[in-house]
Structures are given as C-alpha cells and as structure tokens.
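The two complexes that follow have chain A in common; it is paired with chain B in the first and with chain C in the second.
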Partner chain A sequence: MKNLNRKTSIPSIIMQAIKIYPVIFVLIAFVVIFSSLYPQRFLTLLNLTAIIRQFVSLMLFAAGPSIVVVTGSLDLSYVGIWMLGGILVWLLQPFLGMYSILVIPILGLVTGFLIGIIHAKAKMPSFILTLSLLVIYSGLTATIAGGIPRTVKGYDFITADLIRGVPTPFLWAIPIIIAAIYIVKRTRMGIYLYSIGSNEEGAKLAGINVDRYKILAFTISGLFSGIGSVIIFQHHGGSVPVALNLNTVVYPLVAIVLGGTLLIGGSGGPHRTILGALTFTVLIRGLNISFLDPTMIQLIVGLLLIASIIASSRGVRGVTVT
Partner chain B sequence: MVMAMNDTIMEIRGVSKTFDRVVHALDNVSISISKNEILGVVGENGAGKSTLMKILVGVYSPDSGEWYYKGERIPFPKNPKEAAKRGISIVYQEKGVIPSLKVYQFLFLGNEDKYVKLSKLNIDKLKKHAREILEEFHVKCNIENFMYELPLSTQKMVEIARAILSVRLEHEVDDVTSVIILDEPTAPLTIEERKDLFNELLHMKKNASFIFVSHIIPEVMEFTDRIHVLRDGKMIAHYDLSKERVTEEGLFKAIVGKESVEIISKPEITEALSEDVVLKVKNLTKKGSYYDISFELCKGECIGIFGPTGSGKSEIVNTIAGLLNFDEGALIVKGKEVKPNERPHVRLAKGIGYFSGETGKELFLNWSIAKNISIVNIRKVLRKFIPVFNFSAEKKMAERIVKQLSIKTPSVNAECYALSGGSKQKVSVGKWFERSPVILMLEDPTIGIDVGARNDIYDSTIEMKNRGIAMILISDDPKEYSLLCDKILFIKHGRIQKVINNEKFKQEMFE
Partner chain C sequence: MKGNDKAVVKELFISGWLRNNISTIIPVIAVVVIIGIFQIINPVFLKYQGIITLVYAMSYFLIAACGLTFVILMGSFDFSVVSVLKLSSLLCVLYVDRIGLMVIPLALLVSVGFGFINGILFAKLKVPSFMATLGVSIVVEGIGLYLSKGFLHIVTNQTFKALTVTFIAGLPSIFYWAIGVCIICTLIALITPFGRRIYAIGGNPIGAVLSGINLDRYRIYVFMLSGFLAGLAGILHISQQGGGSIEMAADMSIPLFASVVAGGTALSGGVGGPHRTLLGVIIITWIQAGMLMLGYDRGIQMVVFGAIAIVMGIATIDRRRIKFVK
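Up next is the complex of A and B:
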C-alpha cells in the first residue's frame, strides 16, 4: 500500500520488509548471537517449542493493548483481568459448572468498558487508571483466593493437542491475532482509532464520536485480554498466581514498543506487535539458557524497553511506520 | 549590487540546498542585509523561504554557498547558538510563546545563566532588565503578567524583544546590531493587531535589522526597504523600494510567475438562489459571546459574518458546528430544531460540516492524502456487505480530489506533513468537497497560504456552492467575502449591525 513501484524480486522484498520493520534486524541478530553462543541448547526442538509457548502468552496479552495504544492511550489491565478472571472461575465453578470459564471474557469486556467510560468521560489518564485497576484486581484476587493459588480442573480440552507437535495455544492465538489486526487495519473503527491517536481535535472536527470510539477501543481490548486469558489460564494448568508479578505486566508492553508502535498513538498496531513479541521471546529464551542470573535478565529487559522507546520515538531514518 | 558595502552586516552568496538529493529547495540564492533596514523575503509556500531562514539560523546547513561577514568569508553557523553569536535570531510563525510563563521569565528563558549569583537567580536584576528592554522597544505590558494574558500582537513583540535580547546577551554588549528574522509574524494577527505590530517594528528598526518573511503583499510593500522574491528555490527578483517603484500587481506577478492574475475578478456567481431554507437561526444567544442572532440560510447560499476578532463571529460558527453550546434561541436545520449540547459528530450526521483553515487542526499529518480524504467519506470506501476497506476505491477518490484541486504531490499515498502549506489546506478542503454536506462552515479557509493555492480553493468552494451546499464564511480578508458571499452580516460586539448584499459590500469595502 505504501510504495507504488514496489519491485517483486526476492532481495528487494526483503529490503522493503526490513525498511518497514527494522526490528527484523534485531530478531535476526538475536537468533544468530544465541545460536552461535549456545549451538547445542538454543537451536533445539525443545527450545523452539518453549519460544512458541512464551510467544503465545505474550501475544495474547499484548493483542488488546496494541489496539488501545493506537489511540494514544495505554491499557495495563490485562494481567488484572487474567488474575481476577481465573480466581472467579474457581469461585463460580461450583455454581455454574463448566460455563464458569466464560466469566473471564465477560470480566474483560466489562472491565474494558468501565475503563473506557471513566477515561473518556472523566478525562482520567489511561495509564494511571488502568494501573490502579490492575492493583485493585490483584488485591481482589488475593482476597478471594485467601492468599493461596487455586487450581481449577476440567478445562483440559482448551489446550488438548489438535495437531501433533504444535502447541494448541498457538493455534488458538492465530485467529485472535488475525481478528485484532483485522479490526485496526480493515474496518472503519480502525481508521477512527488511528485518527484519534494522530490528531484528536481533527478527529472531532471530522465528525467522529471520539468518546464512543475510545470506549470501544478499551472494551475490545478488554475482550481480547479476556479471551486471551482463558487460553493462558489453561496454558498454566488452570491456575492463576495470586501475587502480582511485574514481569507479566511489563513484557507485553516491551513487545508492543519493540514492534515499533509509538506510545503517543496514531501508528503501529497489533501487526507490529507480532514481530516485537517474537523478538522479545527469542531474547528472553536466549538469556534464560545463558549463564546470566535471572535478576540480570530483568535489568536487560528494562534497558531494552527504554532503548526501544527512544528508538521508536526518535524514528529510525527511512523507516515508515504503518 | 549598488549598496554601500560598509553598511552591510552580513551577506550570503550562491546558497543551494537539496533535500534527499532530489528536491531543490534552494538554488544559488544570495542575500545581504544592512544596518537598520527591514528586508522583505516573499514567495509562495514551498518557494524556499523557510529553508533559507533555517540556513541563516543554523538549523540546516547548505550544500554549497558562501557567508561573508564584514567582507570576510566565514563558515555557516552550525546551530542557533552560533547564529546568535553572529547577531542572528529568529521569531517563528507560531508556537514560540510559552503561555504559562510570566513576561520576564519568558524574556530571559534560556539565558538565565547570566543572572545567576551562587546558583541563585537574581530575580530583581532580571525584572529590572526586563522593564528596561521592554521600555526601549515601546512594548507596553506588565512584566508580572502571564504571556497568555497579553494580546497576540504584544506577545509577538515580546518574542521579538526576546530575540534581540538573546543576541545582546550572547555578546554581552548593548550596541551589537542584531538581525531578527520574522517568519510570517502576522499570520495569527487581526488587521488592527498587524498595524500595531508594524508601528512598533518601525520603532525598533533604529536598534536592529529585520528580515521579514511573508506572502501578504501590501504589508511587505508598506514596511520593508528592500524586497527579495523567491520562486521554486530561485531568487527571481530584487526590488529596492527607495530607488524604484513597484506595484502590487507587479510584485504579485513576480511571486506567482503567472501573467493571468485574477484574484479579484472571479467569475460571478450567477446561479439563482433557491428558496429552500436549510438553516434557520432564531435569536441565538450565548452570553458573553453573541446576542440575538437571527438569519436564514438557503440551499446554495453563502452568508458571510463580517467583523473584527472578538466580535463573536467565530463563536457563532463554532456553535452551529457543535463545538460550543448556546444559551438561548433556536437552531433549525432542515425544519428540525437541534439541541444546544450536541457534539460535532451529531451535527455532521445532520449535514453540518466545519472547515477551519488553521494549520494542522483538521489534518492527520502522519497519514497519506488518501486516508485524510476518506476519514469524512468513510461510507464511500467501505465495501457494501462487510464493512471492510476498499483501498482501490479510496485511491480513486483521492486521485479525483488531487486532480480537482490540483494538489502538488507525487502520489495520493504521500504523507501530509511533507506537503506545502497550501497543499495541506487543499487536502482539508478536498475532503469536504467530496463529502458534500448540506451546510458547510468555513472559518478562515485560506489563512496562511499562498495566492495560487487560494485561487484553487476559491474555485472549488464556488463549485460546492453551485452544487447547492449552503455555506457560512468567516475570515479576516474582505476580498474573500466579496468573492464567495451572497449576503454579509456585519457583526459588532456580538450583535448584528446590518445585513447587506454582495454588491453593496464591494462598494463599501473597495471604493
């Protein structure tokens, strides 16, 4: 769509791709570095499956917020939805039976709608709003669970093998990611979300109901987080942690930013997050099998987040963010 | 050059600059500036004025060219700080003012280090100097005021004083001749404010030289000593107003490079007005802004609301567009009364569009032209059954608009921030042209753009009108009213003074 006289030879296609997604460079670099440092351990089937599994969790968490970031806001509530949703399943299963799993997507939807309403109508900054909500939800989770992680049985079918060798959560993630990309790239709502992130005043003047689309963005983000949480929930054996782990909050953010989506909004989106999540997972796996202490990994993640925010906000020369 | 060399403060020769090795922004340009003069640099948008100025203050470095200071060749400045050391400073068109600072704080912003005593700011000395400098330049304002409290023209003056001050502080002497570049200083000002600014500038001329960048011909003719004309990056003409006489027409021709200059003699709007009333305004009142406004707008009619800034004209238009509430009265669109607190998207659904010429207000700068046009025409680019984008339809629509308004761009996929000011405006007009609302509000539709782009915008506005779109225009330029409006409401202090037709308006204004 961007370039009219796009050449069709394979090298030029690769050049085009790298121009638009410079993170490919970083990804290739990571793969080369880790596979040459740890040839016996990095390029194994076991490790690749682990990469895919982590990638899926990351992507499912990041899909919804990627939509919100396009409007220039931030949604950190995903971990809260996952934790509270998981514990509500445990709480409600005696009454609702198998249907209690639906409480997670419903919770996501309601949470997103709530955030949207408060953000749009009370003009509360989304970062602080969703952060407070995250803290509230994790507190609620711990209270309901009584401080002990609870396990729910009976949802094995969600992650049961469909194709041998391919993690089922990965298969589930595909339609979810496609749906997220479809919403921002192909629908009217998508263009409206970009317009709000790009120039809110202009969006208003173009006759867009800005508040409504902001609420919609958060609601859809919440729904995506809810659906994703169902899979992640079972992925982790039908239980949720009762203490908030900062990494689960930060990692999806890093994936979004590393993918090249600007936090100020108006560009990027879920399609970019895929590459960001993949690159980041490769890094984390690589660091995990390295000699580094886990605490060192956190340090590197933090630095990476800062570096990628700087790189994306300054803009890499000759890069088009779409 | 006939000029006395000893008066020349600085001179640049043969400056060229290209962007991405393709676009020739400047091609072999030479200018010089002497003591106590105002040098005009005029040209259409995209002629290279801004690039030249940015080279002078060290924001860009040229590809080639020479810089002479008192006859001696020196390198170009590498950054604004170096330029200030040579006595050059710039006042940008907009966004130069920091509204939340007090006047004296703003005056010394970035130069506080000269007033520091043991890491503590010597506020008393700062304030004393601020008072002195404002007095010297005849700027009348209280230094304890916040910048946003000052009228726009005074804000501009404070900015200019600040520019001169920064040059002086850099040299730590008072008698250095500073060259202050004024980039379209009058763009945000009303007619009265412009006059104030110019009177002050003539005072200041005793202490500094100015490079005055503009495209408003009468202003340039009245207040400058010499004029350079830039077109497509080349220096086309040079006039020394003390030695030769130049007509407005002649200067205009030099700027646009066309022989046919038809700005005032547009084809008359001959179409008979229909009697369909699309908008009825009855005793509309918003306390503090306007009172008892009543008029009727018919299909294909254009009404102008004429009055100085602050008369309430912009508030009326904003109210009709749904950007402001009203207190009393009624707004009746196509026979149905509308509620006061409706927002713009509701009004647009009822057929009221709003176009503002203010730069960047409507445009999504990081988007392609095509997307910017489809944003208000989204129904036309969605497929029928599933609401999915039809990118080829979007492209076709954009290409039609680009052709219709003769927007200069390599492709409809070009991003809008790269366009010139005039082309940006045309994209905004184009989207409404395609949308064809029942009623369109036009607020300063051609503000800050060049004559060529203006003409294209007038053409398409008249075509919209002929298609039956009703319009309400507010502007600072009386010519615009005489070109587009059937009826003009004179407004003063928020009340309608009189209503006259186009013929009479022309008589009153231009004869």
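Up next is the complex of A and C:
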C-alpha cells in the first residue's frame, strides 16, 4: 500500500487531512466560536478536563458500533450492555468478589455473538433487533435493581490518578481505540468488513463468508462495548442508571455519523469516530456553559444529527434504501 | 384408490392453506390463548369494568400502530411515531385554552408536517428510514421539551375532554374513534390503489418502480399518513388522559413495534395490514394489563415486549425473498 506520489510537505499533509476529514473544519469552528463567545469559561482547565471526561464516555460507547457501521449495520446494544453488566456486577459481587467485574466484557461478548447470529442467520434488521435487545436489557436492569440505583465499591483502582491532570479513563481509552482502529484498518477481517459494507453481494461472490464476518463484527463490537463499559462503569462512580435514557443511546450515534462514517457502510470507521466524538463533546460542553435555555440543547442535537446524516448519506442512490 | 387420492388432495389443500395463512392463524390463536389464560387467572377481565379499562388502554395505541403498520408494510421503519404523538398531545394541552378546538387541526398539521420531513429525508435524500426518523424524533422531542419546559400540564377544556370520554352505547367514544380509524386504514390498505401500491413497494421496490409507481411520492405519502395518525393518537390520548408532560408514553416505541409484528405484518415488507395490527394490539395490551394485574412492574413488561418483538420479527420475515439485510 505504498503511495509513491505522496507529497510530504506539511501544508499539503494538512490539506489532505482536511479533505479526508471535513469534520476538522466543524471542530475548529466550534472551538473558535465558543472560546470567543465565552473566553472566561470555555478555555479553562476545568472545562478542558470535562471535555476529555465526556469524550471518553462517548468514545468508549462508540468504538464498538463504529466497527459494525462499517458493514452497514447498526449496533445500539452498548447502553444495554453497560446497564445490565453494571447491575450484574452488583448482583454477583457477594459471590465472585473482585472478579465479578469480568461479567461486563463476558456479557458484551455473548450479547454481540447473539445479535450476530440472529442478524446473520434469521435476517432480522440489525437496528430493530439491537433496539429490542436494548429495551430487554434495560427492563432486566430495572427489575434486578428493584428500581434503585445500586453502587458497587472496590474498583477505584481502575480510575485512580496515574498522571496528574489527565483523567485516567482517558489513558485506558487509548489502547481500546487503537485496538479498534487496528482491527478495521490493518487486518484482513477489516478489509472484508469494508467490502461487505460497500457491496454485500459482491463480497459473497468473491468468496467471503459474509455471515461469519458479520457475526464476528457484532461479537467484536459487543466485546469492545463490554470493555469500554467497565471503564465507564467506574468513571460514573461504580453505578449504572436503572432507567433507559434515549440520549445516552443517541449521542454515540451522533458521534459516529458526525465523524463521517456512512450509515450504509463501506467507509469510515473508529478513526473517524474519534474526531466526531471530540466535535460533539465540544459542542455539548459549549452549549452547556452558554446562556442558552437548557431545553434547547436537545433540539440542537437533533438538528445536528439530521444535518450530519444528510451530509453522510450524500451520493447514495438507488431504490433499495430502507 | 379414488378415496386415497381424495385424501391426498384434501391433505395437500389443508396443508397448503395452513402454510399460506399461518401468519394469520398464529395471531388469532395467540389472542384466544392469552385472553383465556388471563381469564382463568383473574375473571375480572371480560367483565364490563375490565373491558372499559382495556378499551382506554388500547384505543390510542391502535391508532398509532395503524400508522406504523403502513410504514412497516412498505419495508421501512418510523421511529418518530411516539415523539410526534407526544408533541401533538403537548400542543393540544398547551394551546387548547387559548384557541379552543382549533388546536386539533393545528396539531394534525404539525404532525403531518413532521411526517413530510421524514418522507423527504428518506425518499429524496436517501437517508435510511430508521436514522432519518430517529433524528426527527430527537428534534420533535426537543421542541416538545422546549414548549412544555418539562412541566406537567392539565387539560381544563371540557369540550375537548368530551371528545373521547363520552359514553355511547356503553362504551367510551375513543373506542369508536379507534375502530373507525382501523377500519378506514384497512379499507385503504386492501381496496384502494394507494394501498395496493404500498404493498407492491414493500414486496419489491424495484419491481414497483418498473411497473410505473412513483416510488418517492408514495414513500412521502406513507410517512405523512403515519405522522397524521400519530398526531391523531396524541390528540385523543391527551383528551382521554386529561394531562401530560414530555415524560408520558416513554419507551412506548417497542410495545408499538411489537404489536405491529405480533399481528403478523412482516418486517421485510409487503405482508400484513392494519387489520392484523388490531390483533397485535389486543395481544400487547392484554399482556400489559394482565401483567400489571399480576404485580409485574414495568421492567419485566419491557423484557416481555422486547422478546415478543424479536421472536415475532424473526417469525414473520420472509427469508426466501430478501437477499441481504442491513
């Protein structure tokens, strides 16, 4: 994959980066707008740390689904894995002790495998399948917890300060994000996922076992969501909400779409989601510290989502869009 | 020999009939079994008071589900039904004191408008319908939150309330609204050219285009119809409930979807119809009321509805016809 004609001067590299990642413009615009409107509040250490903390939650949720979106499917089960996994830790801690935290990645793996099997073999549309599963998991969480948020103690070491000023969840997120990018960009499986996303029938004709790689994509996505949920679980003080909040589901999706990953598959990936998540976090923080009516924020998020899905669906033609 | 042939023919006929109508028979059996089980557990259900309660729970739900049925028939999905329902309810409760019953056309107009936006996003801009309607639903809920400021609002206009809670022949008038809408929707789906074209689009969009159907226009029409029915359901819901906030009807979209597929409308499109959705709504509301009566909380109900949605979704999909699914 060596490109011999690549220009190496710094301005041309920047130009190429902007061409590939147009969301950089949006990010820079947001930073400039908010720091000129609220210079005393936006560019403070407190706010920047808060941005990083929110970015970590968003990115850890979005890392797994970004892999699935490459194949053109959707995986909304991440919040379900987080909620049910967290409450299972609370349930199992008296029996398993410290090892009970491992139940979250295992749950993620099993969930992803289950979704993959049902989606690939029974041909159920992935978004409605994962949405139903999400509702099932949130219902189970509410039932197990008895309607009260339960707190688990003893996992403080996960988010204990390693470097001063840098939130430790951010340090944990780095290897997870790198692993997700490596899987999509540097392995054979990643190439297969892109080909399934861009032309599933062609991939099948080329001899790719489409069902197997779809199941694999969902399993890996579930595993990433599970590992990320461990960190988010402790990041939020060792507890999970017992009622499903649609915003928690939608924000990572906005991050994925904003990053420029096409929803019909075949392009994008976790590396794009990083920029999307960062842009979205900056916007949310900026809106939160602004003088805007708080009830307006959801409206703006919705408009942003619509604008970015229109932008990311451009160039899509054909009648088979469902 | 002759008798043997006859038996074989008869057997073939019966098995063929069974195979062709299996998706109608299963919901009917399910309705009978579910009603029977809950009747044995607690005989209050089929008494007058029980039926009134169920009718109240079922009616607005049925209207919204009919709208969603058309969208699923076409092979798409409308996530924004619940949000539009909420927004139309909130518009009614917020402005009924100021402009009287004129609020009903206003709410319907707004709902149809959002259905139109859904249709434009999906048909013209080629956004997958799930994502398009998800985005619109966030905007709609944002508008609802902004208008209502998150407070609970109470309807005081008695004329508006009388729309649904007047008793005619022993049943509340919302029942007649719902049954009327369901019958009209069934007639639209089964008899009119519009309905047949929706089936054609759901069955095979490329074939529908080749046979001269203006695909984009019908997709927009169907989303507008879905928005209209969601708005109507919202108006009747708030008129019956007498008050509400942005938090009402939360996480109703999965029960709504479950009732459409439980009736036998296939996710893959082209099979089913509003008459089937009536059965599905009876199944879902009966289970909901029965579980409430047995003391199961909302969490367990959500588990059951999610499971019904997945199982019935898998059962109704025609896997021979679709090549791949996203």
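FYI, the second predicted complex is superposed on the first by the 310 of 322 C-alpha atoms of A that agree within 3 Å, B and C clash if a C-alpha of one lies under 4 Å from a C-alpha of the other, contacts with A are read in each partner's own complex, and residues count from 1 in each chain.
By definition in this document, a residue touches a chain if its C-beta (ideal position, glycine included) is under 8 Å from a C-beta of that chain, and two chains touch if they have at least 3 such contacts.
Here the structure is a predicted model, which is why all the values come from computation and not from measurement.
In the three-chain model built by superposing on chain A, chain B clashes with chain C. When the two complexes are overlaid on their common chain A, residue A:266 makes contact with chain B while staying clear of chain C. Once the two complexes are laid over each other on the shared chain, residue contacts for A:164 go to neither chain B nor chain C.
Once chain A of one complex is fitted onto chain A of the other, the partner contacts of A:138 are limited to chain C, with no touch recorded for chain B. Of the two partner chains, chain C is the only one that A:200 touches; chain B does not reach it.
Once the two complexes are overlaid on the shared chain, A:124 sits against chain C while remaining clear of chain B. Put simply, more of the residues of chain A are touched by C, taking chain B and chain C as the two choices. Shared-chain residue A:153: touches no atom of chain B or chain C.
Remark: of the candidate stretches 45-53, 99-107, 153-161 or 243-251 in chain B, the one overlapping chain C after superposition on chain A is 99-107.
Within chain A, the residues touched by chain B in the first complex and by chain C in the second are 201.
The touching residues of chain A, counted against chain C in their complex, run 72-74, 118-119, 122-129, 131-136, 138-143, 147, 200-201, 210, 244, 246, 250, 253, 257, 263-265, 293, 295-303, 305-306, 309-310, 313, 316-322.
By the touch criterion stated above, chain A contacts chain B in their complex at residues 1-4, 185-188, 191, 194-195, 198-199, 201-209, 266-267. Across the complex, chain B meets chain A through its residues 323, 343-345, 347-349, 353-354, 356, 360-367, 371, 374-376, 378, 382, 387-389, 391, 411, 413, 431. Residues of chain C that touch chain A in their complex: 75-77, 121-122, 125-132, 134-143, 145-146, 149-150, 205-206, 209, 215, 251, 253-254, 257-258, 267-269, 297-303, 305-307, 309-310, 313-314, 317, 319, 322-326.
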